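Here come two complexes built around chain A, the first alongside chain B, the second alongside chain C.
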Partner chain A sequence: MKTKLRSYGLFDYFNIVLMLFLGAICVLPLLHVVALSFSSSPAVLSNQVYFWPVEFTTAAYQRAFEDPQLLKSFWVSIKRVCLGVSIGLFVTCMAGYVLSKGGGRDGIAGHKFFIIFFIFALLFNGGLIPTYLLITNMGLYNSIWAIVLPGLTNVFYIILIMNFFSTLPKSLEESAFLDGANHFQVFYKIYLPLSVPVVATVGLFMVVFEWNEFFAGQIYMKADNVPLSTFIKSAITLPDFSTSDPEELQKLNFRSISSAQVVFAALPILALFPVLQKFFTRGIVIGGVKE
Partner chain B sequence: METSLGKNKQETGIFQKKMKVKRRKDSWHLYLMLLPAVIIIGTFSYGPMFGLVMAFQDYKPYLGIRGSEWIGLENFKYLFEYPQSREVIWNTLRFAFMKLFFSTLVTISFALLINELRVKWIRYPVQTMVFLPHFLSWVVLGGIFKEMLTPGTGIVNQFIERLGFESIFFLGENSWFVATVVATDVWKGFGYGSILYLASMAGINPALYEAAEMDGAGRWKKMWYVTIPELIPVIMLVTTINLAFMMSGDFDQIFNLYSPLVYEKGDIIDTFVYRVGLIDLNYGFAAAVGFFKSIVGTIMIITAFTVFTKLSGRKAR
Partner chain C sequence: MKMKGKFLILIFTLVLLIGILGACSKKDATTSEDPGTSDSSEDKGVTLNIVDGKIEPAITLTTISAEISGTGYREGESLTNNAHTRWVEEKLGINIESQWQASLADGSFSEKLKLAVAGKQELPDFFWVNDHQLSTMLIESGLVMSVDEAFDKYASDTYKAALAESPEAWYQFMADGKKFAIPNLSENKGGQPVLWIRQDWLDKLGLQAPTNMKELEIVMEAFASQDLDGNGKKDTTPLALAGDPWYGMGQVPPETSWFFGRFGAIPQIWYPGEDGKLVYGSVQPEIKDALVTLRDWKAKGYINEIALSNFNTVVKEVTTGNVGMLAGPQWTIKYPIGMLLQTNPDARYMPYPLPTGETGNDIHVLGKDTLGGVFFNKDISEEKLQAFFHYQNTLYSIYESEDPYMFKDFQDGYDYAFKDGKPTSIENPIQSQKYMLTGSPPVYNSKLLDAMIKAAKGEELSNVDLAALASNAFINVDLDGKNPLKMIENQATIIATEQDSVGIPNYFTGPPTKTMERRWEMLNRSEIETYTDIIYGKKPIEAFDEFVENWYSSGGEDATKEVNEWYDSVK
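On to the complex of A and B.
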């Protein structure tokens, strides 16, 4: 009560301004690029655009979509996210289930060995070159599996799921076992439904990773088969001067087009953002407290 | 597991027996369920580790690991003699420590300050806003920063010029590049990083604040003598994790922001390995550099966690 009655001091006003400023500098860069992408070429070239489109036009997007590679890459990315997340979640949750059983009577022999097996993979890795040679030697070059398979499961997610599963009450599965259920049924009908928030959080982690990752696409895929993030990376590095028509160049400029491409690449994440924010807050707290 | 055993004791012996038989019969189900993860981690994490032998070879792709000539530690000798690779190691460490220091500082300060925010309705929108950069990839952010930081046309430099200063080539000058990389990294991560601190602050026992108030503590003293000490275990935990993994994770950022202009101060081990290995096709040497990084990284992780468990064991979280 006492604190509520106290009036705002100088510090409070300073704090409000500082917080609003910090919030703004996190959002304004994106807003600026959105504004650029929707502004007319002369306005962009004369540096009139700040955080609101000047002379609104969608020309930059039309120009960006004229390149058939954009939609093609978009499709590769969609495939990658669907395959990577669905299979990845399945593999990760199953591993988490088994490891949450521990060793001994309930679990598997060699439980400790498997834990060390996974943890060591977290600590040490072969590095870029051996990984690259392994994947190309497996004949995965330019196959969607080259960018899906290596990222399918992440030891951190297995640990997260394992920790959550081990907090579920044992009596539930005991009674299921008595009713004649096997491990698959217990996993699928009891553990998964009870863990929706955690599984969804890990799923969203995977969606964001698969969507944003560009490097695997760059080294394992041919240029016409890359996911969207890789395409955007190369598109904004190398300006497209295929139109030599000066009028066309005047109407459109590289800055607007690359802004449009950047916004397009960020779009699914922005659309998911409200969901992501809610789940990630919960996920990081669960993960952090458990670790 | 102990508790379930205890419960079973109360049940009849027949049930217990049935369960035991059932369990043993079913344990192959468990192995089957673990198999996919073991295959994936085995192939894509352990497979490359065996490939590391090429760091000791003069690796030729057409000869393969079996056919290439063994040269012992030549690649590693080269790594420490070659001036560029020494520079790259220093750059990696410089970035890692600067990022760790500044991001910890900013994240904790932000969490403390937003916790002190009295106008509650501002809190949620601000938290949502600072959260956003975490989810955008460095490809997207690279595009945004290249646009914003270009001398002459970029919005940041327009602003600087309007204030009467000379425009700065943030991404093209060695000294400015380091600052830009650290600043953008802090910018991307502080909002997301603050969640854990805020969650822990929400969990602090209110009685502590009440007691402090009784003793006449103002807001500043409550923050200094209650909030921060209560946060120390979490700060230690987060810093340990960041310290442990500080050698990795910079690749995307540097790769999307740098250019030959700033190789001198901007090149890190990962980008160097990429260029030497996959662009110049000097596989053996690049593998040796990567090997070196993995070893240093592993030592960092183990040291960080050993120190952490020692400290937290004594302080009893």
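On to the complex of A and C.
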């Protein structure tokens, strides 16, 4: 491997400064929340905390974990991610495989129709009330499936995977067929192993989505069965100032506690990112790239 | 030929899809009908068999539960299974089934309820709603029962008497001359504002607390010019007022309506003018003088950045120790002042009566007198209705009880600890009133206020007084008077009820009128902009006259007419 030595130009310096600046913009809010979570409540309230804890204390974490709902919700979120991502990835990859075959002799009948069908679903949806009625009338209310099934796959992900699959050489699959493989074997033994980057990338997207999405939990689940994201959402929502209930208003005090909850909820995703991030550059191919 | 084949397959799939969908919807129809039929097959008794306050056999009521933020639980308890629900089950013979629960603060409760109503789902037997928009939607949906008859028939005398004290509490639930929900009263008389002053600053300067606007200016001048927090910067706020989201914000500290009220009008609310018709406070001529004074004070540095200040920002200022004076209800000492004491134990705020104005007509906003209301499914059975009133009547019966601690079954260990026949305060009380099925405890304002003042003055409390305090679990408050903050709070309660200032509620509690729906946002915006521009000296005071003229011509006049039509229809 050849390394090219050259001096830094003005552009490079400018670039470095710009990137450092952008990086700081992304990291500082996170640091701020971490600092809040380790600071004492009065310090937080009088706005003394920036990026370093003031009057360091772990009291906020103790208080946060005193609420049994935090761990219960954590468990619901874990279930949701496991089910949603494993089933979702499977369904998405299968759909991508079939659609990547195209129309014609080797492909599926009505290929164009299905593409349009999916694109249509990408652009339009049924709306909140019909979706709510569908879910509740199917008896999914307050079941984990109510938050897993509706977001199981995403047309955008299918297109990502479909495009990746169609860049794989046709000859691989043809030789497999000659050796007597069927479609499922080809999919499972040839396409999937060759597509780790895109599958990992889409998987990461799904994990992040399932972890962060709060609205479904808010609507379809009972209060003691909500995923972590919904729990945090309601924990950090500020009370309505028009109430004259001091207890309610005191909730503002709890900024350090909700920061602790936010930090706790962010940890799994933060831990997962560096592991899967290396697939990113190779994984996302939307279209137009040939071998 | 090939094309044709494909086309056939396509059609085939479509037909199949439609078939599947059809099958699904049929199945849905049968399943959703099931609970309905079993419900109606119950036999309908007209009177309940009540033995020792317990309904026999037990009756089941369905509801939906809104979780009030900050609700505390013991281990293993929840909104739907706690000391109170167990008490309801064991003592009253009412089983409560909660169809779903959701948080009130983040809006998920109203979101879910809206979806349920829009989706024409079966409503529970009863439920409480504390949201104006939702109430209007429910009344318009035709899915809720009008309560006039039931309330007349089943409510106890005490319950009726308590509600008779605030006839205007019903207004917001009325349509076509009928009442559609029973209001939950809120105790607000004790929540009138007083002026909180940094006593340590006053003492340092050797000043007296101001009793009128002239003296107030002298104190503000001193607070502004002397560096009282001793940080070498001129950053103290002699008087905290708030203009965000509106001027004349009431109840929550910093209470600002009192300032405008010194001149004789309160912005943003509707109240009866001289002829008894409702007028809109923001466009009254008295406001002009108030704005001139504010402009003057702003220039002299007597007040904070009023246009940007709201409760949130003022809490921060108070906690940093910058604020010299602010108006607020008696609990201001607990929060936000209590927060300041954690960092600066020497800071001392004391309550004083609001300074008097020059017109002799001193007013301020009185907070909402309701905490929402209880709605009933229009198909609720007579039996279940009686069961609900049995619950409410029992709660209200504490006001006529010889035993103030008749609720200790669910209050003991939550609001107070019962020791040797007496309640004692506990460290971190859990407010059991947040478990109430109607979202709030039984409130009988006059009795409650009497008892609170007696307690505040340290007078001997009779059983009747104790019962009133116990009804709202105010008994948890340190009755022996050892807690200094509680002493100050008591003092504030006395001052608030004895000062000359008059509290005026917002009389308009109906749904937005037609003109309001179209124009109100615009009118509000121009109002707030005009006020801000005048206070900050960007526009001359004449801008106010122009605004008033515009206000009337671009919808205000129609809105006033509509508001009065509504008022005539309910009062």
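Everything that follows uses one rule, which is that the second predicted complex is superposed on the first by the 230 of 291 C-alpha atoms of A that agree within 3 Å, B and C clash if a C-alpha of one lies under 4 Å from a C-alpha of the other, contacts with A are read in each partner's own complex, and residues count from 1 in each chain.
To be clear about the criterion, a residue touches a chain if its C-beta (ideal position, glycine included) is under 8 Å from a C-beta of that chain, and two chains touch if they have at least 3 such contacts.
None of the values given here were measured: they were computed from a predicted structure.
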{"item": "Touched partner set for A:Leu128, first chain B, second chain C, both or neither", "value": "both"}
{"item": "Contacts of A:Ala223 with chain B and chain C, given as first, second, both or neither", "value": "second"}
{"item": "First (chain B), second (chain C), both or neither touched by A:Pro42", "value": "second"}
{"item": "Touched partner set for A:Pro68, first chain B, second chain C, both or neither", "value": "second"}
{"item": "Partner chain in contact with A:Val275 - chain B first, chain C second, else both or neither", "value": "neither"}
{"item": "Which of chain B and chain C A:Leu22 touches, first, second, both or neither", "value": "first"}
{"item": "Touched partner set for A:Gly139, first chain B, second chain C, both or neither", "value": "second"}
{"item": "Partner chain in contact with A:Leu30 - chain B first, chain C second, else both or neither", "value": "first"}
{"item": "When both partners are placed on the shared chain, which of chain B and chain C touches more of chain A", "value": "B"}
{"item": "Partner chain(s) touched by A:Ala265 [first = chain B, second = chain C, both, neither]", "value": "first"}
{"item": "Interface residues of chain A shared between complexes with chain B and chain C", "value": "47, 109, 128-129, 132-133, 219, 230, 233"}
{"item": "For the chain C and chain A complex, residues of the former touching the latter", "value": "5-6, 9-10, 13, 24, 28, 31-32, 65, 67-70, 75, 78-79, 100-103, 105-108, 111-112, 115, 118-119, 121, 186, 188, 191, 251-252, 310-312, 315-316, 319-320, 329, 331, 334-336, 339, 342-343, 367-368, 431"}
{"item": "Complex contact set, residues of chain A against chain C", "value": "41-43, 45-47, 68, 109-110, 113, 128-129, 132-133, 136-139, 141-142, 218-219, 222-224, 230, 233-234, 237-242, 244-253"}
{"item": "Residue numbers on chain B that touch chain A, as the complex places them", "value": "1, 3-5, 7-8, 15, 18-20, 22-23, 26-27, 29-31, 33-34, 36-38, 40-52, 54, 61, 110, 113-114, 116-119, 122-123, 125-126, 128-133, 135-148, 153, 155, 158, 187, 191-192, 195-196, 199, 213, 219, 234, 237-238, 241, 251-252, 255-256, 270, 273-274, 277-278, 283, 286-287, 290-291, 293-294, 297-298, 301-302"}
{"item": "Footprint of chain B on chain A - complex, ascending", "value": "2, 8, 11-12, 15-16, 18-20, 22-27, 29-30, 32-33, 36, 47, 50, 90-92, 94-95, 97-99, 101-102, 104-109, 114, 117-118, 121, 123-135, 149-150, 152-153, 155, 158, 170-171, 174, 177-178, 182-184, 187, 208, 211-215, 219, 229-230, 232-233, 236, 255, 258-259, 261-262, 265-266, 269, 273, 276-277, 280-281, 284-285, 288-289, 291"}
